[in-house]
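Before I ask anything, let me first share the structure, which is written out below as structure tokens.
Here the chain labels run A, B, C and D in written order, and each chain numbers its own residues starting at 1.
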Amino acid sequence: MTQQFGDAVNAKVIMMIGANSAVANPIGFKHFLQAKDRNGTKLIVVDPIYTRSAAKADLYLRIRSGTDIAFVYGMLHIIFKNGWEDKEFIETRSYAMDQIRAEAAKWTPELTSDVTGIPVDQIIQATTLFAKNTPSAIAWSLGITQHSVGSSNTRILPILQIALGNMGKKGGGLYIIRGHDNVQGATDMGNLADTLSGYYGLDDNAWKYFATSWGVDYEWLKGRFFEKKWMNEKGYSLAKWYQGVLQEEKTYSSAPIRAVWIQGTGITSMSQQAKIKEALDKVDLVVIAEPFVNEAAVLTSRKDNIYILPVGTQFESEGTVTATNRSAQWRSKVVEPLYESKSDEEVMFAFAKKFGFYDQFVQGMKMDVKDGKVVQVKNDFKWPDDAVREIARTIKSIGLSGWTPERLRSHQENWHMFDPVTLEGKGPMKGQYYGLPWPCWDDKHPGSPILYRRDVPVAEGGMGFRNRFGLEHNGVSQLADKSVTVAGSKIEGGYPQLTKENIEKVLGITLTEAEKAQMGGSWAMDFSGLIQQKAREAGVCVYGNAKARTIVWEFPDPVPLHREPIHSPRWDLVQKFPTYDDQPKNFRVETKFKSEQQKQDWSKEFPIMLVSMRVVNLSGAGMLERTSKYLSAITPEMFANIHPDLALKHGIRDRDMMWIHAPHGTKIKVKAYHNHSVTADRICLPYNFAGVFQGADLSANYPEGTKPYAIGESSNTITNYGFDVITQISEFNAGLCRVEKA
Amino acid sequence: MRKYIYLIIGALCLASAVYANESQIWGEMRIQNILGYGQEESWKLGPLFTMLQSQYFAWIFLGVLLGVPAVFFMHYKIVGPKVFPHSEKKYYAFNLYNRIIHQVAAVSFLVIVPTGFIIVFGDFFGGGTLVRMAKNLHGIFTIPFTIVVIPMALMWLKEALFNLDDVKWFLILGGYLSKEKQIIHASQFNAGQKMWYWVAILGGITMIFSGAFMFFLDFKMEMLHNLTGMSQIDLLRAAAILHNVMGFAVVALFITHVYMSMFAIKGAVHSIITGYVEEEEVKFLHNKWYKKLKDQGKF
Amino acid sequence: MSKEMLKDASLHMGRRSFLKMAAIGASFGAGSAFASSDSIRPATEEEVKNPFPGSKRVKTICSICSAGCGIIAEVQNGVWVRQDVAQDHPISEGSHCCKGIDQIDLVKSTQRIKYPLKKVDGKWQRISWDQAVNEISEKMLKMRAENGPDIVEFLGSAKFSLQQAFYFRKFAAMWGTNNIDHVARI
Amino acid sequence: MSNEMARMKFYCDDHRCIECFACSVACAEAHELPTGISRRKVITLHDGVEGKEVSTSIACMHCTDAPCEQVCPVDCFYIREDGIVLHDKDKCIGCGYCLYACPFGAPQFPRDGAFGHKGAMDKCTMCAGGPLETNSEKERHLYGQNRIAEGKVPMCAAVCSTNALLVGDAESVSNIYRKRVAGRGQRS
């Protein structure tokens, strides 16, 4: 997120779309409620279901799931028509807004209403409220990302904020609310198939850079891979790894997947459970390392070659976590690992030894930067402090250089010295923001609680937009306008990101030979920190000061376009707004789009929309919470919220069991809760249960004494086919089903 | 034979009550309590119950506990007991079955009533173990009464139906205000006894049910919910009010019953112990019955 | 609200009972250390008999959602005895949802996996760590020798600390594959 | 300033309450209650009905004229000087009268003993323990933590995710609430 929660109080309007933080993230929602109470902030909630967040909203819009792009274009249409956009911001700090404007021109309120299901007057009312009361902020979460058009969704909302000039301001921005406690951090650290840590990607430069930081020989690292080619190729993703096993869809890899290693991932929180079960049954080895039984062990009916290793919870190890506002927090170890548990890193160390790369694995912790070079400085290491240092010296791309163990520890010890609204430190902590929200460029930087502010100097957390996509496109400069000068900057207007090559020219300085020798090639790969040092002296941000691009020319849709979900209830609109062409290869596997969508009118047989929801007492796969008696007691069983009219049409009374069938022949048996939060054309269900599969109780698969208090069907057994074209995220939040009394 | 059928019926009743409880009481480790508090449409009997319980119930019970015996004490002193010669002629009026049923009920009452008073005056006894034990006994001794209440109701039902003679009986209050031995026109049971019968049976059943509601707390009766439209909490409140109010009547008549059998009519208690009634007693107090028996040549 | 309320409360200080001050001050959030130390004095020994003598208060972070709420864990003789709220934490100001305040249950739970397990003929068996590590690595190395390193899919965790996550990525890299992911993709 | 003790009260602001169950779970966890005993309950009225849905949290409200105290046949209730209504579990006989009198359904009855019927009543103590020695093992076992004695806020209000649940003397609580209502009006 570009802001931090405390800043909500400065917003005049907050629009939550595809987020139900009252349930998923109550402490975040507290800040929105406080904003209402302290500042009269208005809350707009756009959601397919009337959520607990919606119940606190000043304006609630019931959108059809999967039509967010249409809705935002509807808003932009009204904004452009009335001239409510921030023309100066668009002109000086954004690129290609005219293409957005052209697309928005098509989305009249009437068309928008037809597609989204929101009445015209409500679209106008919400747009007026949101556009005329700036600064206004947008909060989103998985309701936006979990679509076949998820990546376009995540682009259209920032575009709206750019159009209104809401970026880089107090009270504006985007609250992108992450899920798990450290999903931000684990993503930043690149637990991803398409990049190394810090979003460095997988190209040779990145690998060489990491080899240096890790203190290993690049050639050795290269030799670890099947062929060099596979080093630069994206791996299988969490969303479709099972195809690496089953090979039903065409795959491209050096080998089929024969083993799956699950260390802290709730397997039932992924779509296509039936396929996952098949894959788990088929692989040669399943390794699970968890504090509680991972449902992978329960879902599979395999008889052998499956291991469960006891791992302590996060209270039994020490380290840092990154909150959704990019603040790092030091998490102290509360107790030693219980029973025979080991901490996660100990498990990795133990296997690294067996796999024969332990020395290389921990080498990075023994190294430090001396004269711009990473060299070994000691013979042992201290976990986690030395790992924290290793990360700080390596991950410059998002500015983690300032996250030293000493600073983060002192923030924890003195967390009472930070203001809850601004996160500003007081007393000894003066001049720092709590948790040093990244980018924190160096060990003197205070952190950046709000991104892209140009009214504060870079040294105090200011910055322009990142110059990431070249200096010009189609002959148009990508750098910010002359008028867009970040406070305190030596350079007027925009400037490119700093490299060894351009730094002298851009900053107007001359480097000494010694400096040149030490300096890395670019600001993100400069161990010496000299580029940052020079930038600091000039009041300049290392990543440049550019325009925000509203089009992404590498993507299938350079301008975000509305495309109907793979399984859409509106066959007529499927013809008008078809999805992408089938994708031959992404993350090593082919993915169907148009061929699946256009195969037949799915809505004939499966007329009901399927929407996922959150419950406040469970998170993720529910693995942790369902073992708590108090939390399980709140939702002791799996259920689906269904409108009484729809339920009674099928003879399903309140609390009756019902079958929900998905287009691909899978089904789940759940309890029907009559509820008015859904309309009669959709049902919603939580995805946090496991232990029952297509009506069959899997209790017997739990090792003795480990069965949670509550088990139930995983809704992901019936999550429809559909994946994002870029990220391959599953389409959890749009799909079709039919119901039947059980 | 029939009496055994009654016993079986009684036992079945109890068993079904236990079965009904099974699912809710022993089936789970917790008392569900009133979950949807405030969501249930309710009669809002709370304030009424609070007012009655905090200000009246205990005083009324005290009144009954002291007042009724006081009246009888006066009666005993002023009018005196009726003494009938225990002559040679007796009639075997209560067979073993009758007596067992009665004795079971009697013992139950002898525990239930005093323990009930201990609960009502719990603060006097200081609460804690003693009163908690009294509460448990109060509940436990309801079980034997529950078993016999239906057989008892059936075995005396015919005799307990009211008729015109009872009106006359009431007019002279059974002749108990007179020191003279009057001949009272009544059949096997006089109106007073009939009254006690109905209070003990109907009141008793009411007490069993209302008591069960209160004792188990989640004793769910769908039918009652549907019939009355009352929420569980209001059913509980109604049960508590009913239990207390009915308690006044049961207790008052129970004391009367004891007084009559033990003191007012000397030796009357023996008849329910041995089964034999004295001819004199029957002749004076149950003249109609006496005539009938005479006609049948029972004496 | 926090700071205004403290001001409100301190106006009424007088001799209005320690109790009231404590409750109001803390309940409405000690906005900062300075404000809170004015109005909430620590209770003296007569007032408090520490229920967990000798316990230490460990500051840590909730492991559920990304808001990042603070937790005070009271630890006595190596046992987490009580979870307390962190009223002065800048993000949560003592607040938690039901999941957050129940974090202590993660270490108190009886359903934890207590030792390494292996399924043999459909039955779970207790094994030692050594056996587990040996058997797993043997099997994996054999498969690696047969088909190369891309035979495995590493699924990491959003519950990892930053350091664990960094090392897990490194672990996959040094094993020789990019088949690594975690729930950021759901 | 008067020497009179302020009366401690709970207030749940339904504009803030989001039914997150934190108060209820925090209470159960802090006092190690058996499952099913909710000293504090969270309820939502008109669930899912647009514009009508309301959530709130209910527990013992520590009434000034506590009806439970009035109806208790064994007089096991006592009201502290600061208005906290407590009871003596050793005295309580588990009759249930307090539940019938209570407008909030606060009294709870755990199963107890061989008969599975209700044991001594359990209810919110505002984290003030019971009549036993403060912070003694037995007090903790019967009544849960005595946070008030430690100078801490009752668990539920301390933990409330949205600060909906307020605790304090009536005057301060209403001050806060008034301020909130005024804030909400600013832009309307």
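Criterion: a contact is a pair of C-beta atoms (placed from the backbone, for glycine too) under 8 Å apart; a residue touches a chain by one contact, two chains touch by 3 or more.
If you're wondering where the values come from, they're calculated on a predicted model, not measured in any experiment.
Undergrad: Find out how few touching-chain steps suffice to connect chain B with chain C.
TA: Minimum step count, chain B to chain C: 2.
Undergrad: Which chain has the mean of its C-alpha atoms lying nearest to the mean of all protein C-alpha atoms shown?
TA: So the chain nearest the centre of the shown protein is C.
Undergrad: Which chain pair shows the largest tally of C-beta contacts?
TA: Max contact pairs: A-C.
Undergrad: What is the distance in Å between the mean C-alpha positions of chain A and chain D?
TA: 39
Undergrad: When the centre of a chain is set as the mean of its C-alpha atoms, what distance in Å lies between chain C and chain D?
TA: Centre-to-centre distance between chain C and chain D: 27 Å.
Undergrad: Per the centroid of Cα atoms for each chain, what is the distance between chain A and chain B, given in Å?
TA: Centre-to-centre distance between chain A and chain B: 72 Å.
Undergrad: What are the residues of chain B that contact at least two other chains?
TA: Expected reply: no residues.
Undergrad: Could you list which residues of chain C touch at least two other chains?
TA: 1, 29, 93, 95-98, 100, 102, 105
Undergrad: For chain A, write out the residues touching at least two other chains, lowest number first.
TA: 26-27, 30, 34, 37-38, 616-617, 630-631, 634
Undergrad: Based on which chains touch which, is the overall arrangement a line, ring, star, complete graph, or other?
TA: Basically it's none of the tidy shapes, so other.
Undergrad: Which two-chain combinations qualify as touching?
TA: A-C, A-D, B-D, C-D
Undergrad: In their shared complex, at which residues does chain C touch chain D?
TA: By the definition above, chain C touches chain D via 1, 4-5, 8-9, 12, 14-20, 22-24, 26-29, 40, 42-43, 47-51, 82-85, 87, 93-98, 100-102, 104-105.
Undergrad: Sort out for me which residues of chain B touch chain D in the complex.
TA: 25-26, 28-39, 45-47, 49-50, 53-54, 58, 119-123, 125-128, 131-132, 134-136, 139, 214-217, 233, 236-237, 240
Undergrad: If we count contacts the way the header does, which residues on chain A are in touch with chain D in the complex?
TA: 12, 22-23, 26-27, 29-30, 33-34, 36-42, 50, 52-56, 60, 616-617, 629-631, 633-634, 641, 675-678
Undergrad: What residues of chain C sit close enough to touch chain A in their complex?
TA: 1-2, 29-34, 36, 58-70, 73, 75, 78-80, 86, 88-93, 95-100, 102-103, 105-107, 109-122, 124, 129, 132-137, 139-141, 143, 147-171, 173-186
Undergrad: Provide the residue numbers of chain D that touch chain A in the complex, in ascending order.
TA: 15-16, 18-22, 24-25, 28-29, 35-36, 46-50, 53-55, 161-163, 179-180, 183-188
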